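Next up, some structures in structure tokens.
Note that subunit A is present in both complexes that follow, paired respectively with subunit B and with subunit C.
Showing the complex of A and B:
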């Protein structure tokens, strides 16, 4: 393991965790905690989707399927009363990995729009299973009766602050994992595939296998988002696996940007903030959202984080050129 | 070393490769020339496993490569650079080469280590030095000059430690001076690495100057083969391709 890069990322992760933990004392309003947990859940969905969209060039329209799978498996296990939270989480993550493996094995062989459509089709398939298997999932009512949160290792997640700290830690751990994935040789192999799959293949890269691997990793990370969501709302709903949820994740990526690792998370913050404030003033929040997306796409032509990043890059290059010109 | 036997490929009614048999001894430097549509690139595609021949064999160290996936063929030691530089636009030159070397060493799936791998630095530096690309290591590939992109394409192929290197028009789209610089690098590369090198080239000046052996393709068949002197005097080649103006003239001529 090459140490320096990893240690630096770890330091940033710890700093992020500290910020998250201090935030509720700076802004003591309980709505702040709720907001952050919400952003964490959707942030994980968007960031894991960006492993596919931004780093591998695979535009999946069905990513929410794994978000829902995580939430439902976790919720059902907890409702059965036979599992503790950590074990239920592990099984939900593992189960979703298996699901992503099966779906991915079929999808990643296809290219571009066909890949996008097939992932969407599988998501609709899972969504309709959730809707129709009423005896297991509660159908369109969702998992009813709440999800119990039995204490484990002295942690009681029924306490609002404990839940907040737990979600923050889970989130930062997932960030570190995803960061390691994209900065590893595997992560750069994904970039090769994104840039030029044909050439990558001629350099001995097994493109299908690599795509499948990242598809499964992205799915498992999305499932963690789903689990956080299920814990937070104490339930699971079919909308988690509806195509609009995948659409929202794509919006977040568009708002935040694909180039920077942190971009989609910034997108998640932006979108949730927008949703929050716009719904206060108008019912037509879709209209406002659409206009904002249009401004980003047509005006900035990229996500906010990318825009700022490229602006700095540009300045740096100009400075170097100026110094070289002297 | 590399040998093709009775290679045949038709696309619909068009015969792109018509019973071609050729032998490339180890360490040889061969140019493949021929008019447009003669099947030169198809020939490379058939060897590298990109297209499957209808009939015939591609023997590499005595083993038939036909039917193997291109992935496997490249791993056995047949590297390839492309007519239009096939690179990774958003990676820097160094990153591209590092990723290629890592792939060659079958470390592409490593997830617990950090890119770049220390163990691959030496090899990357070596390849960059060989093609004089070291000063451009940190430039994003999309911002490299056309000539450097072509060099990077060759460098990527080199990362696979090929025994046979196929270069599809290494000088395509370059000015006359740039071409000679390019071919000079290719020639020195061949000398240094002692590999079997096969290149497609339109510039007759270059071909006659550096190739040991020239193979002339026309309508998917071998029209002639031999040393530069033999080809220059071959009446069939003069009639079909070279024309009468420049048969003995080693000046660069547009193909």
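Showing the complex of A and C:
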């Protein structure tokens, strides 16, 4: 990636952060902050999954395992009372990276449906551990008693606005990291593996090692989403690691699109907005969401961000052709 | 992030302005119009996060109908100090994170000043933590988990439980079962409960207290069908092989219906005295096509127990709204409304969480659901006592359970106190 490209991405990230920080002054409503934090948590889950699905061609059905792992490790460390928030976050991220390394080392050797099912199997295994290790995890009632948020460096996350700012900063930092991964030579190697793994192997790329690296990075980023969610709900629950949570992340990718880096985040906004409104007006939200997804799949045939991007590209091409013809 | 043109043109500035406007419009749409909360708002909004979809939707729908009925009656009677109440319910889909988000949304966005938490299990713990943050009055109406209120570490000043509690049921069940086991000489027991935390904990507590009252009881085998398992043939065959004299089951809802229907094919209940922790709910009883007579069940709800006009009037009123008999969750929600309305009357309509909580704490209510005359919201752990911790026997005719036996609350409280000490809660 060129230095100019990096600076441009950095400028966009700063602009996004400014928008997020200004938003509560434009709409000074706690519900807005809550909604954004919720979308940030699930957005990180979806964007990290897209590193596997969209950029590497690895369809993981078990990505929520790392979301849950981040939430539980962070929650347990904070409940122990022996750790500050930054240290607990680092340990939770590191612990999840280790977990992803172990699981990934087994999974990435498999292809397509076998890879998908094995990731799902590992997720259900972790979900079962959460349910059955009641003395540690609280079983199906989750981590009870709340997650303490002791102040650090003068930041008190018990204050709603501070929590919002903190989550926004964490989100933008994670986005920058993922963006750099995607735009690096490593990221382009992943695309090559996605498009033609045999050719990549023939060119001397260690495909398994590359897949394992991105598997660990994606799991690590998902764990940050889990930490944000744990901070928001002040708890961790087995549902975080259930297959339906992975399914939601896949829905977000389908709604937003896989080709644009920002696509899954747009999908997260779309799904959570739909969920927010549909739940208010009807209990048949599953039906409504199903119809919306059908419209996207059958109507647009791609995610919204991809559709808009390709529409602009097409328009631009036609304009160039028109100008060339003239 | 795909553009290569770095020049700032008028078109780009316009696009940027349009994007900012869109973000602002979106933000306003999400949050809706700013509400006018506080003591001056005429309508007092009560928020209710609950489960209205999925396999346990009956928990939410039967809870909501009970609250709707209570709100109608309260408003028809003139409300409090000229103020009426309004119920705003939201579906959490049984997800704890959604329950937390929805609860925050009800308080922050919809202006709800009181929360009736119609969540089960983990959802109620998630709502509990929101209440710790936002300090409005909250009544948990469906969670039976003893830990929620018994563990002092989880104590929240404005949160209460108006629902039965696992430990109370365990003591009452043990007492009831031991009386039958002693009379009939039932020594060889077996259990058949769903394989998850509630099923295992509930079964362990029932057996523990049955043995306290009758040490001759011996559990010879236990089977653990999966939650929401459709076919129980394997478990029933095992039970027939072991041939216990008595059996306890913590199966509930559709699982229990399926188990009893399938057990009928094998005449399982002809030679086994059956004790159920979930059969007493009227929708479960009516869903079973051939309900065997003589099965023992914990009280969930019955319009004739406690046999009081207020209870029967509630069942009639509820039937008009929901077209079915009330459930266990229905009476618990009705009771929560009574606590809330009485507190509102005492504060003269003031909705401050601390003020309402001070009234609910230790409140004694004349209730049609009280075994004697009153149900008390115990001051030290914010949970109710004096409700029907009873057991009865099934019959083939409406209301399908009769001969309720309720142990004295003094005995339940004594054993609960010892349990709390053992757990380090007291």
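The rule we apply is simple: the second predicted complex is superposed on the first by the 324 of 326 C-alpha atoms of A that agree within 3 Å, B and C clash if a C-alpha of one lies under 4 Å from a C-alpha of the other, contacts with A are read in each partner's own complex, and residues count from 1 in each chain.
The definition used in the following text is that a residue touches a chain if its C-beta (ideal position, glycine included) is under 8 Å from a C-beta of that chain, and two chains touch if they have at least 3 such contacts.
Keep in mind the model is a prediction, meaning the values are calculated, not measured.
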Partner chain in contact with A:234 - subunit B first, subunit C second, else both or neither: second
Partner chain in contact with A:262 - subunit B first, subunit C second, else both or neither: second
Subunit B versus subunit C as contact partner of A:274, first or second or both or neither: neither
Partner chain in contact with A:155 - subunit B first, subunit C second, else both or neither: neither
In the superposition, subunit B vs subunit C on subunit A residues touched: C
Subunit B versus subunit C as contact partner of A:145, first or second or both or neither: second
First (subunit B), second (subunit C), both or neither touched by A:283: second
Subunit B versus subunit C as contact partner of A:16, first or second or both or neither: neither
Subunit B to subunit A touching residues, read off their complex: 48, 70-71, 74-75, 80, 82, 86-91, 95-96, 98-100, 102-104, 106-118, 156, 159-160
Residues of subunit A that touch subunit C when the two form their complex: 8-9, 12, 19, 23, 26-27, 29-32, 34-35, 38, 131, 134, 139-142, 144-146, 158, 179, 229, 232-235, 237-240, 260-262, 273, 276, 279-280, 283-286, 309
Subunit B partner contacts - residues on subunit A that touch it in the complex: 1-2, 5-6, 180-181, 183-189, 191-192, 194-196, 198-206, 209-210, 213
Contacting residues of subunit C [partner subunit A, same complex]: 1-2, 6, 20, 23-24, 26-28, 30-32, 34, 52-53, 57, 90-91, 93, 95-97, 100-102, 104-105, 108-109, 121-122, 125-126, 129-130, 132-133, 145, 147, 151, 153-154, 196-198
